[in-house]
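Right after this note come the structures.
Each of the next two complexes has subunit A plus one other chain: subunit B in the first, subunit C in the second.
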Partner chain A sequence: MNIIGKSVIRKEAPDKVTGKARYTDDFSSAGIYHARLVTSPFAHALIKSIDTREAEKVSGVRAILTGEGLPLTGEEITDRPPLAQGKVRHHGEAVCLVVAEKLDKAALAASLIKVDYEPLSAVNSPSQAYQAGAPLVHEHVEHYKRGQNVYPEPGTNIAHKTKIRKGDLSRGIGESAVFVEGRYSFGPSDHAAIETRSCTAEIRADGDVLITSSSQAPFMIKKLIGSYFDIEAGKIIVKTPLVGGAYGGKASVQWEFLAFIASRAVGGKRVKLRYMREEDILTAPCHIGLDATIRLGCTSEGILKSAEILYLFDGGAYADKSPDLCRAGAVDCTGPYHIEHIWCDSYCLYTNHPYPAPFRGFAHSEVLFAFERTMDLLAKKLGMDPLELRFKNAILPGHTTPTQVLVNKSNVGDVRGCIQRLKDIMEEEWEPNAGHDPRKVRAAGIACVWKNSTIDTNASSGVILTFNPDGSVNLMSGVVEIGTGTKTILAQMLAEKLRLPVEMIHVKMTVDTQTTPEHWKTVASRGTLMGGRAVMAAAEDAIRQIKEIASCALRVREEDLDIDSGRVFVKAEPEIGLSFKEVVYGYTYPNGNAIGGQIIGRGSYILRNMTNIDKETGAGRPGPEWAVGAQAVQVEFDTRDCTYRILKAISVVDIGRVLNERAARGQVMGAMSMGLSFAGRETFYFDEMGRVLNFQLRTYRPIRYGEQPKYVVEFVNTPHVEAPFGARGAGEHGLLGMPAALANALSIAAGVEMIHLPLIPELIWRTLQEGKR
Partner chain B sequence: MPETNKKVLILSVNDEDKDIVFRPADTLLGVLRGKLGLTGAKPGCLNGDCGACTVLVDGIPMKSCIMLAIEAEGHKVTTIEGLINTKTQASFIKHFAFQCGYCTPGFIMVCHSLAEKQPHADKAVIKEWMQSNICRCTSYQEIEEAVASILAEE
Partner chain C sequence: MIPVDFDYYKPESIEEAARLHEQLDRQKMLPLYYSGGTEIITLLRLDLIQTKAVIDIKAIHECREHILGEDYLVLGSSLTLTQIEERNAFPLLTSVSKEIADHTARNKITLGGNICGEIFYREAVLPLLLTDSLFVIGGPQGVKILPAHEAFQQTMQLGRGEFLIQTLTRKDFLGMPYMSVKIRQQWETGYPLVTIAALKAKGEIRAAFSGLCSFPFRSKRMEDELNRKDGTLDVRMDRALRHIPAPVLNDIEGSAEYRLFVLKNTLTDILTVWEVEQNA
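And then the complex of A and B:
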């Protein structure tokens, strides 16, 4: 068999080009009720009164809900009412929910609800939130329930703080001869998946709660609805069909609570809530912002000795996953380098901004923007090539990470290998100035990246395999197909292991928490490791059963048997054997006797030896491995008007093993595109009251066709020993270095240090003007 | 509050005539999805910004979220469900020109129309056509390859 590495077409491809692929909002909905939201026009305000009288008169309106009496929600800190209670804390926060027989009636009624607000001054950045005397977003954070590893500080806007204390900073400073310091900031932005969040909810007569949601975390929906609304877990059934883009934004649970309470308010009738784009941007969780200060010290030869880091994450109005993002940013607070002395304080701060969900890269592209910019400052001060500085300091086996994990060949990829390959490609791909236009300057910027996952230490994944009478296999995994093609990758692994053509593997796309084994959440580039290990275990279980039945039928020992191409046979005499179809539903002897029964393969995997990180030092093992990469961006900058074109974007990623060549390239290139879009174009523009000014795709404008550079992607293959076929997670890594590399390129081209995102021409122009003053 | 007046409309969709009871305010997208079960055209912004709802009206790409159903009367509407085994569809598969697949019907409709109307389109024209839509998963390089291969065949 030779299926691993092949560019197998994704299983659902024919459905996706014919309109047959179905997403949450595409299922027939005759008789369904519709819910619409009333959201806050203010970022921070007291709710003085809510007048629903006119809305109630609209025909077909079945219920109008406000926040009173609803339980608080939130994964890390339960600080968030599903509908605002007494106060709104961000623009777009859900205030009322109207349920009606028809969508247009729900919308009409929502428009007739009058909410009287008393605006309060807004906390408009994490730096402002951090200052003493800042308005408090949550007055009594001490009253909230919280996870055991979350440390809010009452009386402040601090929702969480993670400390990294590795080595001895003062010693590191003493050993350093050259220092640089950089300050950086960027605001929140959005995932902008083209499918807006959508959910239907229904409560059956027997109390079963049926939810269908466009989610990366159907099993978390089940768990959270159960715990907040006090319902037995077994009575909650969550389905997730194909998801129309997620990028972390659908890993948070939010709109599902609203759909659930809407259904509950109308006697359990099926209710649909589909977010408008404006709600998807403002009401649903967004992409985190960050203010950062980094001080690096190195020897005169450029050996890094000290890193002193302050990260102030924009945790937004509610904590949800932001303490975790703040923790993940601290865990990998530096680039992929060996630094003996690291001091990092990473804060998650409440502000009056929309609150963040995970975003592809989970705080890594964000901290790497700051860190890799500072590395360029250091290279400049040393007069050293930026690639050489990174090569010299690359983390190697025997070193330790910021959380003091000992590095070996398996748990961290080959940083130096990536840098070397990047250098070669940059030389091959470099296009010098055409020379005609003196206004145009070309420059390349680079960044090195790494990422481990910081997910629950007991996150697990399961797989069930059943066989069909023709000997083909059904693969059921809790991994959600969000576009990454992971389910096809799992099918390839299974085909390889069972030595079957991949066409003989049938993948169940829809996740159903009642019948699909759990996969914790489809996040963190861990589908291939965790889902993959579960597939391998399930395949081994099935193979063992096949051999057991065949050994009986063929009167040979199990260890004398092998499988290939849908047959189980005697190794020494391959012509003696049985086809899978004679075995997988039990074997029947000529006289009618039968043994076995349907073969059901089962496998599960749980991450090994994960630990929470220490509160005081950050020491701990939060994830199984770091995939690494080196990236470059080449720009052509117009010195007259500060516009620029991105000519090329290059990624070299140590992917361990390529499982599906085109799919892997697609993941890396797509992530690069998203990273360049985040770096160059995307942000929320806030007014001084903390209101978002651009909450439509007309004014929030991701990269469009024709604006892309040429993408070059190459892989280095250093196996992660514990992963199936040695593969490393790679759904996010293409994104990680793009903001830093683009900013490094533009800093060189414009001759001024770029310290904010997004890198729009106006920002470059302003930065140049400030430099002149 | 008074009920809006429902009307009856005959729409030609994918070469079939359909009788539809509708509200004058209903968009073409709403009718295709809600009344005809043609869910290939997707809601993405309902504001004409993202292109996920693109269908062909008399062969020309239209964002069905900003067109009223009644405006489509007397015209031939083609949705992704009306495309069977076209080169565009095959090319999108071959070039891995989609991931989550949500924007894909819209992109395919634009691309299909482009290939029919302007088979010799140059890069600038292709860009002008394809900029109407947003893909958030791919890098567009894959879509560029898919488009190029379709036009090259024409």
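And then the complex of A and C:
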């Protein structure tokens, strides 16, 4: 078999390209009720009163809910009421929920609810939140329940702090001869998936809770609803159909709580809640912002010796996943380099901004923007080529990471190999300025990236295989198909292992927590490792059973049997054998006797030897492996107008074995596009009251087709030994270096250090103006 | 999802439309004339306008006319921007129109809707201002024809119950040298920091602007300064900029200072090209 590496077309492709694919909102049923939100127009305000009298008069309104009496929610710190209680803490926060027989009536009633607010001054940045005497977003953070590895500081806006102490900073500074320091910042932004968040909920007469949601985390929905609302886990059944873009934004659980309480308020009737685009931007969790300060020291030869880092993450109004993001940013607080002495304080701060969900790359493109900009400052000061500086300092087997994990050939990819390949491609692809326009300058910026996945230490994944009478296989995995094609990759792995054509593998696309084995969450580029290992285990289990039955029927030893092309046969005499269809439902002898019964393959995988990181030093093994890469962006900059075009974006990523060539390129390219969009254009604009001014797609504008540069994607193949076929995570890495590489390119082209995002021409112009003053 | 109910009318004549409007207005139905509908849908959805009745003017023959006649180009107000672009009888209008919204939206957005709408860029009016076009307006008092600069002053000057039927542009303007440039905050999508449409009519430069102030405009005084024979390009431009008729916008798309920077650069480019051509 030779299915691994082939560009197998996605199993769900025919449905998607013909428009037949169905997403959460596409499912409807007669008599379904609809819910609509009333959200806060203020970022920080007391709720003085809520008047629902006019709304109640609207025909068909069945329930109007406010926050009173609802349990607090939140994954890391339970600080968030599903509907505001007495106070709103961010623009767009859900305040009331109307349930009506018809959607238009729900919307009409929602518009008639009068909420009287008393605005409060807003905490408008993590730096402001960090200052002593800043208004408190949460007065009594100590009263909240929290996870065991979260450390909020009462009386401040600090929701969590992660410390990295590797080596001895003062020694590192002593060994350094050249220093640079940079300060960077960017605000929160959005995921902007095409499918807005959507959910239906129903409570059956027997108490079973049925949830269908556009989510990356159906099993987490089940757990959280169970624990917050005190329902037995087995009575909660969560389904996820195809998900129309997620990017981490659907790994948080929020809209499901609202749909659930809506259904509960109307006697368990089925209720649908679909976020409007404005709600998807403001109410649903967003993409995290960051203020960063980095001081690097190196020898006069450019060998990095010390890194002193302060990250202030914009945790927004509620903690949810942001302590985790803050931790992930600290775990990989530097680029992929060998630095003996690292000191990093990474804070997660409450502000009056919309609160963050994970975002593709999970805090890595964010900290790498700051770190890789600083690497360029250092290269400039040393008078050294930025690629050379990175090559010299690249992390290698034998070195340790910031959390003191010993690097070997498998757990970290080949940074130097990526840099070398990038250098070659940049030379091949470099287009010098044609010279006819003296106003235009061309420049390239680079960045090196790495990422591990700091997921729960006991995260696991399971797979079940069943067979059809024709010998084909059904594959059931809890990985959600969020558009990454992972389910197809799993099918390829199974086909390879069972030596069956991939057409004989039938994939269950949707997830149903009652019948699909659990996959922790479809996040962190871990579908191929965890889901893949579970597939391999399930395949082995099935093969063992096939051989067991066949050995009996053929009167040979199991170890003398092999399988290929849907047959099990004697190795030495391949013509003696049985087809799968004669075995997978048990073997029946000519006289009618039967043995074996139907074959069900099962497999599961749990990450090994993960540890929580130490509270004081950060030491620990927070994830299984680092995929690495080197990236470049070439721009053409107009020195008069400060406008620019991105000509080329290049990624060399070490993703180990490539499982599906085109799918992998698509993932990397898509991630690059998202990174350039984030770097070049996407941000929330806030007024001084902390309100978001651009919460529609007419003013919040992700990159459009036609604006993209030429993408060049190449792979380096250092296997991750523990992963099926040696593959590494590939869903995020294309994004990670784009903001830094673009900022590095523009800093060179404009001759001024760019330290904020997004990199719009006005920012470059303003930075140049300030430089002149 | 539009939460409020409203009535929908589709009259087939100007008189019927005007009569309906009067009648609905008397019944306090807050009637709105409706053409492409993109903006009405957007604003109703967000509860930013109120209406209980819309009067669709797309069935009125005159509003759909698209005629290159003996003397005039007639453009019905219900023609979509795509239709106008495809026919391309008025290249300057095509050039400006092509940068409005996106193609899918322009399949719905109409000439009249863009000019009469609430969203204040209204870029389609710029070429009509530059070509001294005539605006044909219908209403309870019948049909009247007004020059563009009277009919459109910051916004369409429509009396109660009046609506734009069509515009008439003299044919000799259609072939004149023109340029139009739209500069955005970043790359190729979004509202303008500034859109400049310029026309060279008998050696004189005409220029109209959108995105600079909270309304689109053509300024005779700015044009006069630009057309003065004394002073360098820079000096003439500085003099022209003194006559910007209202405060320059300062919003999330861009600051006022930056908009002026962009305006000056863009105007310089346009004028330089034409003056180099003239001197060649």
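The rule is simple: the second predicted complex is superposed on the first by the 773 of 773 C-alpha atoms of A that agree within 3 Å, B and C clash if a C-alpha of one lies under 4 Å from a C-alpha of the other, contacts with A are read in each partner's own complex, and residues count from 1 in each chain.
In this text, contacts are C-beta pairs under 8 Å (C-beta built on N, C-alpha and C of every residue); 3 or more make two chains touch, one makes a residue touch a chain.
Since this is a predicted model, take the numbers as computed values, not measurements.
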Worksheet item: When the two structures are overlaid on chain A, which partner does A:Asp26 contact: first (subunit B), second (subunit C), both, or neither?
Response: first
Item to complete: May I ask you to decide whether A:Arg766 touches subunit B, subunit C, both, or neither, giving the answer as first, second, both or neither?
Response: second
Worksheet item: Between subunit B (first) and subunit C (second), which does A:Arg704 come into contact with in this model arrangement: first, second, both, or neither?
Response: both
Worksheet item: Taking the superposition as given, does A:Asn694 touch the first partner, subunit B, the second, subunit C, both, or neither?
Response: second
Worksheet entry | When both partners are placed on the shared chain, which of subunit B and subunit C touches more of subunit A | B
Worksheet entry | First (subunit B), second (subunit C), both or neither touched by A:Asn408 | neither
Worksheet item: Touch check for A:Ser111: first (subunit B), second (subunit C), both, or neither?
Response: second
Discussion item. After the superposition on A, what does A:Ser121 contact: first (subunit B), second (subunit C), both or neither?
Written reply: neither
Discussion item. Can you give me the overlap between the subunit B contact set and the subunit C contact set on subunit A?
Written reply: 104, 108, 276, 698, 703-704, 706-707
Practice prompt. State the interface residues of subunit B toward subunit A in the complex, per the touch definition above.
Written response: 1, 3-4, 23, 25, 33-34, 37-47, 49-50, 52, 79-81, 83-84, 89, 92-93, 96, 98-105, 108, 123, 126-127, 130-131, 133-144
Worksheet entry | Residues of subunit A touching subunit B in the complex | 7, 9, 12-23, 25-26, 28-29, 57-59, 104, 108, 191-196, 242-247, 274, 276-277, 482-485, 662-663, 665-667, 669-670, 672-674, 696-698, 702-708, 710-711
Worksheet item: Within the complex, which stretch of subunit A touches subunit C?
Response: 103-105, 107-108, 110-111, 276, 278, 640-641, 643, 680-681, 685, 693-694, 698-699, 701, 703-704, 706-707, 758, 760-762, 765-766
Worksheet, complete the sentence: Note: in the complex, subunit C contacts subunit A through residues 1-5, 46-47, 102, 183, 185-191, 252-255, 258, 261-262, 265
